[in-house]
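See structure below.
Chain naming follows the written order as A, B and C, and within any one chain the residues start at number 1.
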Amino acid sequence: MKIIECAGLTKIYGRKKALDQMTFSIEENKITGLIGRNGAGKTTLLKILAGFMKETSGEIKVFSERPFNSLNVSANSVFVDDQMAFPQAIPLGEILEVARDFYPNWDHSFALRLFDYFSFDPKDYHKRLSKGKTSTFNMIIGLASHAPLTLFDEPTTGMDASVRKDFYRVLLKDYIAYPRTMILSSHHLDEMEDLLEDVLLIKNGKKHMHMPISDLKEWAIGIKGPATVVLDLINGRDVIYKNEIGIKTLYAVVKNDLSQSVLNQVQVAGLEISSVRSSDLCVYLNNDTKGGIDDVFN
Amino acid sequence: MSLTNTNMAETVKKQFCFKLKANIDSFSSLVFIQLLAVVFSSFSGVATSGMSSEDIQINVNYYSADLVIPFTFIWAFTTAITITTRPYRNHDFTFISNRLSSSLSNILFLAAATILGSITALLAGNLLKLMMYFRLESLVFSGTTSLKEVLIGIFVTFLYVFLFSAVGYFVGTLVQLNKLFSVLIPVLFFSSLFFGSFILGFSFLTDLFQFYGEETVLSIFIMKTLVTVAVFFIASTSIWNQLEVRR
Amino acid sequence: MSFIAIVLLILIIIFFIKFGKTSRKVTHWILSIYMAVLVVATVLVPLMTDNTINQKKVDQLEIDRLWNEVDKKLSQGQIDQVDAEYVLVETNFDVGHLKTLKLQSNKVNSTRVLIERKPSNDEKVDAFIFRKGLIINDYDFSDQLKPYHLELVDQTLRITSSQQEINLAISSNPFPIRQFTGESIMRGHSSAHGDQVIYLRIPHDLEVVANEQIDLLSVGG
């Protein structure tokens, strides 16, 4: 069953087109990573999915309903980011109880265990938490709600490395125990690679790519070797990235659609073939230029 | 995960309970503002009269909860505006909400707060009497108020305070719609206050006060206030139904 | 009023049950204490204010009419028929073999003195002061009235009225109630304080002399 269906979704803020004719759909019970640079439109997309914002044009259906102002969508989804608004007057312990009142699938003992594990004080107030603690608490709410659609927007902001590790671990384990549809947007794709099933890449508000992560890992191939040889090889192909390493050595990334004969040629010519890590690939794909920062120094 | 179907009534009820907890601080400001009014009233009362002749000089100071009630109006107005501001609107969407349920639960909250505020406002009159008794050296006398009068008093006070909260809610919603209103509305208000009588030959605000304040038939008064309240709340809710939650 | 106090009390109890499990914030305390104070005040106020005054709500016209009757009776010497509540002072003076009694009053306005000659010379002057009453806003405050002071010094009966200052605090209903009961903030804004009338029963042959300020009247009949 398709939880999310988008057709031609466009969102315009003033003069900026935050989302441009996005069309995709997401199936039930999958973890999808939402990858893109800052300002690519990830947060906008998530907020539209959650029903916070209205689309400017196009169609968007979550649980077969338009999410804006839908009580059903709100009841079955949770949006977690570092700006989650909690009343200043209610202490943390009680916020958990409020969540229990609202969310029908709320797992209170799970929430409490997480709460203790991360050393929260039930009498403390949300406003007084540090950045990392805020993200951690918000994550607890997001996870324990067991909402059929769980949206995380940069959920690890401010978390230190060990907390991030815990976060991924608990997310995976809980997901396995209680499968649901999750979308995670993050900058740390390298950390999340093992978590994700699908990847949705956004560039300048447009859908750039949407595929399972396993496919992504094999989508491109890296070729390294003497500059002239490499250039020759990639000529005419879709070059995703190229970078000079050392003197006269070139590293280039192209789409992995080389025929077997070409691959043989490459090996004979002594060029190095390597797979490209998904996180690196996403970085390259998201670049607007074909080169790298080093070009600034040239 | 199976999908749940929630209905509006349940959501509004949950949100209402939630708001009682979340906005509890508005009640402490209620207490402060009413106590302030009581203290102010105790200095000189709300009216005085006197007469003197050769043998006797009589000074009468009249005390009542008359000052507490307008202070409560101000409180209701500002509380209503506060709950329309962005942080408070966003609280609902952290959990389960849509714009209609958010507005309805806001209205319920305002109604509950108003009920409490009205009862305490009238009873504050008793507190004032008690204070006078201990504080003044003059004789304190009080007429009796029948139960019917007390109930009317609470009900009428409730309607007045609710009216102010409805106006405040509407003003707050307009400001959320467009920031310009936060300048426009005070400008309109104050100019009608000062210039209304010059330019237009009548004072808009006095007419307004008279419309409600000089109505002596209870049922008509109830109708006037309830209709006005309904208009403001419905307008606010429909505006709010379009607004985005930006967080 | 106490009915409402009970309602509030119930509210407080509900409040506490509901929020009893939640943390005791300052706000909870402030609100609860305030409500408790209001309840206490509502309960105490009827106990502390003088409700006997309330029962004496009077009608100005009736007061005037009754006083006219009293006045008539007094001028006819029928003081026994005058209701006791009009009597402010009842006293007597030993005048001995005084031939002439001078009356002196310190008031600027005239003082009314009624003289009744007793059939005998018993060397005593019985003095009564009758008062119309002190009505403020339809309430009878007559017992606050200070009577003229009567003093026999040498051969003069001195009538002194002291400057009396009465400060009252009257509580009235707040405007939402007044709007519909039609009362004004000063309920029945009226006040009247009648003069005091001095009635003397003098020995038969005693002569009475008074200055212009005293309005001397002999009781007829």
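We adopt the following convention: contacts are C-beta pairs under 8 Å (C-beta built on N, C-alpha and C of every residue); 3 or more make two chains touch, one makes a residue touch a chain.
Which protein is which chain? UniProt says A = ABC-2 type transport system ATP-binding protein.
In this text the structure is predicted, and so the values were computed from the model without any measurement.
Visitor: Which chain is most remote from subunit A in terms of Cα centres?
Guide: If we average the C-alpha coordinates per chain, C ends up farthest from subunit A.
Visitor: Hey, which pair has more contacts between C-betas, B-C or A-B?
Guide: Of B-C and A-B, more C-beta pairs in contact link B-C.
Visitor: On a C-alpha centroid basis, what's the spacing between subunit A and subunit C, in Å?
Guide: 87
Visitor: Would you mind pulling out the distance in Å between where the CA atoms of subunit B average out and where those of subunit C do?
Guide: Subunit B and subunit C have C-alpha centres separated by 41 Å.
Visitor: How many Å are there between the centre of subunit A and the centre of subunit B, using C-alpha atoms for each centre?
Guide: Their C-alpha centroids are separated by 47 Å.
Visitor: Give me the residue numbers in subunit C that touch at least two other chains, ranges are fine.
Guide: Subunit C, residues with two or more chain partners: 22, 25, 27.
Visitor: Could you list the positions in subunit A whose residues touch two or more of the other chains?
Guide: 89, 94
Visitor: Could you check subunit B for residues that touch two or more other chains and list them?
Guide: 21, 24-25
Visitor: Which residues of subunit B touch subunit A in their complex?
Guide: It is residues 1-8, 11, 14, 17-18, 21-25, 87-88, 90-91, 93-101, 241, 244-247 of subunit B that touch subunit A.
Visitor: Spell out the residues on subunit C that touch subunit B in their complex, using ranges where they run on.
Guide: So the residues of subunit C in touch with subunit B come to 1, 3-5, 7-8, 11, 19, 22, 25-28, 30-31, 34-35, 37-39, 41-42, 44-45, 48-51, 53-54, 107-109, 134, 136-137, 139, 144-145, 161-177, 179-182, 185-187, 189, 191, 193.
Visitor: Provide the residue numbers of subunit B that touch subunit C in the complex, in ascending order.
Guide: 21, 24-25, 27-28, 30-31, 34-35, 45-47, 49, 51, 53-66, 68-69, 116, 119-130, 132-133, 136-145, 147, 149-150, 152-154, 156-157, 160, 213-216, 218, 221
Visitor: Considering the complex alone, what residue numbers of subunit A touch subunit B?
Guide: 29, 47, 50-54, 63, 69-72, 74-76, 79, 81, 83-87, 89-90, 94, 98-99, 101-105, 141, 146-148, 178-180
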